[in-house]
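Next come the structures, one after another.
Note that subunit A is present in both complexes that follow, paired respectively with subunit B and with subunit C.
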Partner chain A sequence: MFTAPSDPVNVRKELKVTQLCELCHSRKAIIRRPKNLQKICKLCFFHVFETEIHETIVSNDLFYRGERVAVGASGGKDSTVLAYVLKLLNERHDYGIEIVLLSIDEGIVGYRDDSLATVKRNQQQYQLPLEIFSYQDLYDWTMDDIVETAGIRNSCTYCGVLRRQALDRGAAKLEIKHVVTGHNADDMAETVLMNILRGDVARLEKSTSIMTSSTGSPIKRSKPFKYCYQKEIVLYAHYKKLDYFSTECTYAPEAFRGTARELMKNFEAIRPSCIIDIIASGESFVLKQKMGKQNKKKIITYNDGNRCERCGYLSSNKICKACMLLEGLEKSRAQIKIQVQVPGEPQQEGPAKVLRTLERLTF
Partner chain B sequence: MVNVKVEFLGGLDAIFKKQRVHKLTLKKNNSDDEPVTVGDLIDYIVENMIEDKNDVEVFLQNGTVRAGILTLINDTDWELEGEKEYELEDGDIISFTSTLHGG
Partner chain C sequence: MSDSHSHSDILLCQRCNKNHASVISRKEKFCTDCFRNFVSLKQRKQMMSDQYYQDIFKVMYKDKLRSEQDAHLQNLNSKILVPLSFGSSSLVMLDILNDTLLEQSITHRGKTGFTVDVIICFHDEQIQNQIKENVSKLINAKYKENNQKIKFHLVDINQFFDNSPHLQSLVLQETDFLIKSLNLKDQSIIEKKLTLSEILDQCSDRSTYQDLLAFVTKHAIKKYAFQHDFKAILWGHSMTRLADEVISLIVKGRGSAISSSLNTDDFDENYGNKFKNLYPLKDILLTEIDAYCYNSGLHNYLINYNIQDALLVNKINQNTDKIQTNSLKNKTINELARNYFEVIEGDYSNVISTVVRTGDKLAEPKSQENFKISKCNLCMQKIYSDPSQWITSITENKGHPLETDEEKENYQRWKNYNNDKLKNSEMDFFRLNEFVKENGSKACLCYGCTITLNTFKDKSVVWPVHDDKELNSVLEDYVLTDHEE
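Here is the complex of A and B:
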């Protein structure tokens, strides 16, 4: 069930000139854009928001006519707005692409159930095909099982590796070679900041490029929201009354990312342009490094031909990252099973499950 | 005295007993005429509506609404309406939307 935000009933009759939109000069300004502090009305906001994404898509040649594109759809605000806007722009500007919603069911009880319900409503609302792949299908493990075995502290590592491969594997099953995700300017700036704080300058290039392809994968990834502020994405969803799901994943982000995010939000409050400024800094770091070398805008390509010995997934190593993680888990799972099977109490739950329940209660 | 509607969106309802919409009647100093501001509303929310005091910092930071929560007064960003100084009128809709949770 989706409840849209209420429409205002109080409308100002008399407006001062200073309250008018700085673009059309005829309607009441309702937001100030964080990018440039321009005060604009709702209709002009829709227009500039959509147009900027269109320009990002065109100037970076993100799509070609006839391309099949999977939107990594989580039911959250970013991917919901992405699916909506891509469909709209595809019709408005005739990109000629075929859009499929691609969802991964990690098997996180209570979180993924509700978010998948949202994606299913989005499928109806936007009339887009939806494909769901479960961790159970792809890996024979659910995220809940993984946490139970590996402990909650490590869950983000697993979540990160498995989720990334899952989208690629899902897309490969659909014979789609391009996955678009809802990563926005805030996410990107946050990653740039984290890489700088960690001294991980080598990762800057990948963290600011709009299109990438990871080693071991024939699937390219792109981020049409690279220059979109989180705040504007939420405002867009709000004014368009888009149906999205919003609850923190019970496996919360690692502390370092959380702190970096907090820091950025505080910077943004003082100087809203800092988010695109950080991205710009990240980009110029790369340019300086590449001086003298080739400076073609080329996407990083994968090593063709190598496949994981376990699962056959394209991988630069003998065994792919996911299989390596899962192999470690299998060992711990066997141990925990022995630990748990007390005669007479076959249904007893593992200590990890209890731990997790406790973790949940503190949220 | 003023009657307003307050909405907690984007997952923020989690700290308000999962209730998104709240209808409130607010009074300042027991007077019927004294204007009630958004600042007063924030105080009211913090004092009376957040059940678990540990959750206050989810909503409040340095005495104002936390960075990352979007505050709209009748669908207009409160930055354009004087923020905490805005005087509430009957029928106003104030919404607080978390932009932080779950992309």
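Here is the complex of A and C:
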């Protein structure tokens, strides 16, 4: 009897058992999870990625029903994936939260223009409300002006300080009390290492908290991506074909943070799980109680009613951090003019000094 | 940096203003003698850091507290154990201890406050002869006068398994990261006798290999200290070494162990609260130790160690490039941390001391709610929270449901494949593992060891049960003298 050769379309290569996903054992594995070295398929990857974020949200009680939540949206991959996943989970698990995209326009020419365009497309794609606040509006300075005055070395920290308050101010204007950011496990681990390398004892115990609020701010912040690997966020965005802006902030991190970042890359190359392992370590940190120094342990209670004398923003100090920083910038802008006349004179009142004062204030 | 030091004949020691400087450290120029003094004082300061250690190292006399007989006994019983690895740090520490003994002997007419037992651990037969040779050279060149006060013991750490009355099989369940253990009372379950190298060979990377070896070595040393009533173990760790230990512990998920591993105040509770651990060189950078080592001629006794000449005025000109050829991928976590500190020492000199100081500020972690503090079956570290619970809380272990017929078919094939594997395998590790998963009891492993076990080929290991019997089963040693061949 003649049997027709089977239709070539139906001939499929049978997968080897060892090629199968280690979770469903039925589809081809295409991803090796850095977290636990598991080889999994695309569908299982989507499932575990989304479910783990959901678990993080639920087990840490990040949201309450009816809460209005602002997603700090930069157009980068972390915040784009965050907006997408939050909307998805909110619908899937009925958190009952209201999500608003909140963007800050620092005025970095070439970087911000394009990334803001991305955020605007995201708004259309995800059908979420979008609010944009500019540094120009909030501080009367653009990031490019700041870099010109403060020098490129400090720009990332400046950018961080101003952006942080900008998000808070933006949220406050929208009467939103909760900002979620796309900080991921890699960022978390880097912070743990940095705090140890810099001996930043004041921040050591809290290096890994998922929920924080800065002194002087009524706005709480949370990081639902705390346990998400950067690599998986990128993969998720890639496989879901999400629209994001891929260039990193053009102002490189300050030199020392750069060394820590490279060290972590090296660790990760030989042990991919190390990012989550570092977080596990960080979560166990407890400081010794200093003996005989109890009097030093006076807790400075923050008076909720305090407002910055300059701008009226809630602040535990007379003048808020942003205003301090801007004052420093004004000073150094004046000084730069003087320095042109007296070259070689060491810069005393420069932005670096203001920055140090500011960092102390944070504690 | 070397260019500015090339005219060494112009440099004078800033301490004595007489001799030529041979070392530049902490922005100060030292001659060899003054630098030896500088390092030695820092070590002795640690040795006098509190009452307990003062009682060990000081020469005791009759006073209000003790009779002449008591004082004599106290001097006699002040036994300290010094692990010698033949790296620069332990050689330098021993050298300073020897000087201390000589000085005491001279000023106290032959009396010393303490005696030193040196313990040398090895697991590789080949290195044994070199150790013996170096010890005999060392004794002849340096320690003849203190023959009675410094003794050398050789311990083969392959005794790790022979020396353990009970073995257990520890198996990691991938689905929930729980550890199951089964005591292998009847050792016939395993056909042949286990050796240390067989266990070490299961490690998939060098980092895990070195970690296990380091644990087995440390265990042997502490067990030896326990069995021979030592008052303290003096570890040769430099400040740099401690900094890389702190960072490495964090990176390995063992951050909760930092406070106990830096603890010099309390007795070691895993070993019967009989001795304390001290790091006399913790205020000295490794580059400084290397400079001391070289200038004192101790580099002739190094084994598997390359000295750094960063602080030496006259560079050694050895081929240091050799170390760098080891590719990044082949480095251990500790080596990566060490490299980082070596590079950073130039630009950010205080990072190393900052890390050690910060590590010192860490306390024992708080235990998780409703969690009974237990001890790790593998590394004996205290466990403060349930690692498997933590891992499963952040790791989803179910997949996306099966959808197509093809997927269902694949799944069935996978099931058959596994059944066959189970049926066809003899009583080997795979079978044993399945048996342990079904019949074993839940065991405690710390987070770091859980991760370690996950990198093992079979996700399992056979390990001694760390109990009193094991602690008391005598560790054989071999006394080395100056007349080895």
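The working rule: the second predicted complex is superposed on the first by the 301 of 363 C-alpha atoms of A that agree within 3 Å, B and C clash if a C-alpha of one lies under 4 Å from a C-alpha of the other, contacts with A are read in each partner's own complex, and residues count from 1 in each chain.
The rule we apply is simple: a contact is a pair of C-beta atoms (placed from the backbone, for glycine too) under 8 Å apart; a residue touches a chain by one contact, two chains touch by 3 or more.
Computed from a prediction, not measured in an experiment: that's the story for all the values here.
Between subunit B and subunit C, the partner in contact with more residues of subunit A is C.
Applying the stated contact rule after C-alpha superposition, one finds that A:Leu197 touches subunit C and leaves subunit B untouched.
In the superposition on chain A, A:Ala269 makes contact with both subunit B and subunit C.
Once the two complexes are overlaid on the shared chain, A:Glu98 sits clear of subunit B and of subunit C alike. Looking at the shared chain after the overlay, A:Leu15 reaches subunit C, while subunit B stays out of its contact range. Of the two partner chains, subunit B is the only one touched by A:Arg32; subunit C is not. In the superposed pair of complexes, A:Glu131 makes contact with neither subunit B nor subunit C.
In the superposed model, A:Ile278 lies in contact with subunit C only, and not with subunit B. Overlap of the subunit B and subunit C interfaces on subunit A comprises residues 266, 269. Of all the residues in subunit A, the ones that touch subunit B in their complex are 3, 5-11, 19, 28-32, 39, 42, 74, 76-79, 115, 182-184, 187, 230-231, 233-235, 238-239, 245-249, 261, 265-266, 268-269. Across the complex, subunit C is touched by residues 12, 15, 17, 20-21, 23-27, 35-37, 40-41, 43-44, 46-48, 51-52, 55-56, 59, 192-193, 196-199, 201, 204, 227, 256, 259, 263, 266-267, 269-271, 273-274, 276-278, 280-282, 284-289 of subunit A.
Interface residues of subunit B facing subunit A in the complex, by the touch rule stated above, are 5, 7, 9-11, 14, 20-21, 67-68, 70, 72, 74-77, 79-80, 89, 91-93, 95, 97-103. Every residue of subunit C that touches subunit A in the complex is listed here, in rising order: 205, 207, 246-247, 249-256, 259, 328-329, 331-333, 336-337, 340, 343-344, 348, 351, 354-355, 357-359, 361-366, 384-385, 387, 390-391, 393-402, 406-408, 410-411, 413-415, 417, 447-448, 451, 454-455.
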